[in-house]
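Here's the structure, in structure tokens; my notes come after.
The chains carry the letters A, B and C, assigned in the order they are written, with residues numbered from 1 in each.
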Amino acid sequence: MELRLDNISAGYGSKTVLSNVSFTVRPGEILALLGHNGAGKTTTMKTVMGLIPARSGSISFGARKLDGADTAARIGMGLRLLPEGRGIFPALSVTENIEVVAAVNCGPGSTFGVDDLYRLFPVLDERRHQRAGHLSGGQQQMLAMGLAIIGTPHCLLLDEPSIGLQPNLVERLFDQVRTICKSKAMTAILVEQNVAEAIRIADRVVIMNSGQIVFDGLPDEAKASNVWQYF
Amino acid sequence: MSYLEVSAVNVSFGGLRALNDCNFTIEAGKITCLVGPNGAGKTTIFNVITGFLRADTGAVSFRGEKLAGLSPQEIVDLGIARSFQNLRLFSQLTALDNVLIGIRGQFGETIFGAVLRPFHTVKTQRAERARAMEILEHVGLAAKAGTFVRNLSYGEQKLLTVARLLATGADLLLLDEPASGMSADALEEIIALLKRLKGENKTLLVVEHNTRVVQRIADTVLFLHQGHLMAEGSVEEITSNPALTEIYFGGTI
Amino acid sequence: MDFAFSYIVLALIYILLGLSTNLLVGIVGIFSLSQAAVFGVGAYIVANLTMMSAPLPFFVALAVAGLACLVLNILSTLPSLRVSGHYFVVTSFGIQLLASAIFENWTAGTGGQNGMPGIPAPSLFGAELYTPLAFVSIVLPAVALGCLVFWLVLRSPFGRLLRAIREDELAVASVGKQVLAAKVAAAALAGAFAGVAGGLFAAFMSFIDPTSFNLDASVLLLSMVVIGGARTLLGSIVGPPIVLALPQIITLIDLPTTVAAPMRQLVYGVILIAFMLFRSQGLFGERL
């Protein structure tokens, strides 16, 4: 489904972080959202998820307006966020973590089931009964990624999924995301500092600087342009 | 005598062998990168070296001195300090105060000094603050001295963890993923900083997944797999080893 | 007039006690529910030592109370070095109940439920300090000294270390600092404050019983810190007088006595909830 941001402004307290952010992600498309630390990428993702309110502007998903819908409602519509940091339940075991989320998000005909997750990250299968908090940093990141992706996401918002992951797993994960996007017409926004990997799978690139969009175009155009001055 | 020697270290958590006959040495004044798959035991070896975790068997020695049984404080006294993947900065303190916490042997850091000799405390703190400012300048954060950690960008927070480490005066710095999640400009800063530290006679052991960063900073690469040192060599030797590429790097180096 | 001075003396004593609680709970983050017990031990020590057949001078007894509570507070906060956060709240709750049981049942040492009447007033340079006004002359310097020490700690490197410990003990240990020593020092100081406050309280009231040192009293203390404001000197000074004045203010409303007592509890509860909801940093403090 198409995700569309129209002139979104948002911030914390008296601080404005986003000003007039607009972009569209079409069905099946992966949008790489790039920019340096503090450019407003995470705030954009949180605003789309309804974790912080937009001060002005409007977000629509398919035919529906998201404005006013709370986070739970947005998850119900198929939006999923891999949060910054590690969004897992550290006191629960690996399987318990997965079951808790699967109970809500997985059903018959899920796009990405629990088995698919174990196939993608076999180490989670080996560590099924270990407390999530006792996994290594990278393994926790795999689990967090798993919790975001299982079920039938229609729009996947990934905030730095590659952090702490070994290089070949990053590659596998990104390929997997691309496959789901293409086969299920899912949309995805990928916030990444691993620019090379992000651009490899992205259909479009949006670059932010100081809360504003400074570039919106194809990966090849991005490579050729002078936007890298912002990095 | 090696600078740091890890010999035959074994650590198990429950049924899981985190370190399995782990052996390696590192050389003084060099940057050694520790790479390997997730869960290979990289952070665990940091915990063992810095005294946060006791090895089941095996030994670690630093400049010939055995570290077994020493507390984390005593190990910092010997000159080893570490950073954390999840930073663990003091978010309710300013950048400057975070660095000051790292400076050792300050007058007025005990209750007696603070209460009985307040003027001397104030006087010596002037010097300590100047020193902390120098360290902040060194990592490029002088302008943010008065900023609370929660208001720093992620890149700045990462630089601050290095500043706090430097404040301890330790010679061997263990850095856990110092470059992860950093944007390209911040990445350049941290790479430059790590190289500068090497020039200042610091020895660095760095866990890092970003191959480009490893390529640019590492003198030696240690490849850890399932708690065991699987290979050791230059960046080229490690990245051109097909067995390691299979388990770790993937196709796009 | 005497009534006003009594209120001032009591408020001053509770300020000293509030400093102790603020240091432990606010600054180091050791959430103790047993500070009233330490306060009580200080009070009973002074009562006993000044009422023996060969009584000790008040100031000697006060010093003994301060030292004893210093040690006691180290012991009672020691579990916080092993169990963290919420678990310590439960542990300190247990310590408070244990102390209350001793205060109520050890008749030889505490007079049990009946308490200890006839505690002599302290004398200064041979003159007995009967009146509250005279008593101010010894309480005020003690509290002023307490405030000075608290302020010095707060702005010193030691205070900075305590704040860092509250946030992340492991990170403090990782830069080579002694977490244990700093926590013990803070607990000792807080204990000495509470013990001296207890001794002053016993001598001023001339009668003490367990109701001043029970769980309610510990909670009252915490509410003084919360309402005044955690982690600041001003908050510690402002909280106790306000909380002590509340019951008096409520009695100004003309109500039958049968209604007044429960009303007091009710208003008190509502005020606490309101502070937590709308101003959790208290009047002059930081968020706990």
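By definition in this document, contacts are C-beta pairs under 8 Å (C-beta built on N, C-alpha and C of every residue); 3 or more make two chains touch, one makes a residue touch a chain.
No experiment lies behind these values; they were computed from the predicted model shown.
**Q** Considering only which chains touch which, how would you classify the arrangement: line, ring, star, complete or other?
**A** Looks like a simple chain-to-chain line, open at both ends.
**Q** Point out which chain occupies the most central position, where each centre is the mean of Cα atoms.
**A** Smallest offset from the overall C-alpha mean is found for B.
**Q** Let me have the rounded angstrom distance from the C-alpha centre of chain A over to the C-alpha centre of chain B, please.
**A** 30
**Q** How many angstrom between the C-alpha centroids of chain C and chain A?
**A** Those two chain centres are 51 Å apart.
**Q** Rounded to a whole Å, what is the gap between the Cα centroids of chain B and chain C?
**A** From the centre of chain B to the centre of chain C is 43 Å.
**Q** For a test of understanding, state which residues of chain B touch chain C in their complex under the given definition.
**A** 50, 52, 72-73, 75-77, 81-82, 84, 88-93, 97, 100-102, 104, 106-111, 113-115, 118, 121, 125, 128, 164-165, 167-168
**Q** Applying the document's contact rule, which stretches of chain B touch chain A when the two form their complex?
**A** 13-14, 16, 36-40, 42-44, 85-86, 153-156, 177, 180-187, 209-211, 247-253
**Q** Okay, in this complex, where on chain A does chain B touch?
**A** Touch residues, chain A against chain B: 35-39, 85, 123, 127, 130, 134-139, 141-142, 160, 163-172, 193-197, 200, 228, 231.
**Q** Which bits of chain C are touching chain B when the two form their complex?
**A** Contact set of chain C toward chain B: 149, 152-153, 156-161, 163-164, 167-168, 170-178, 181, 185-186, 188-189.
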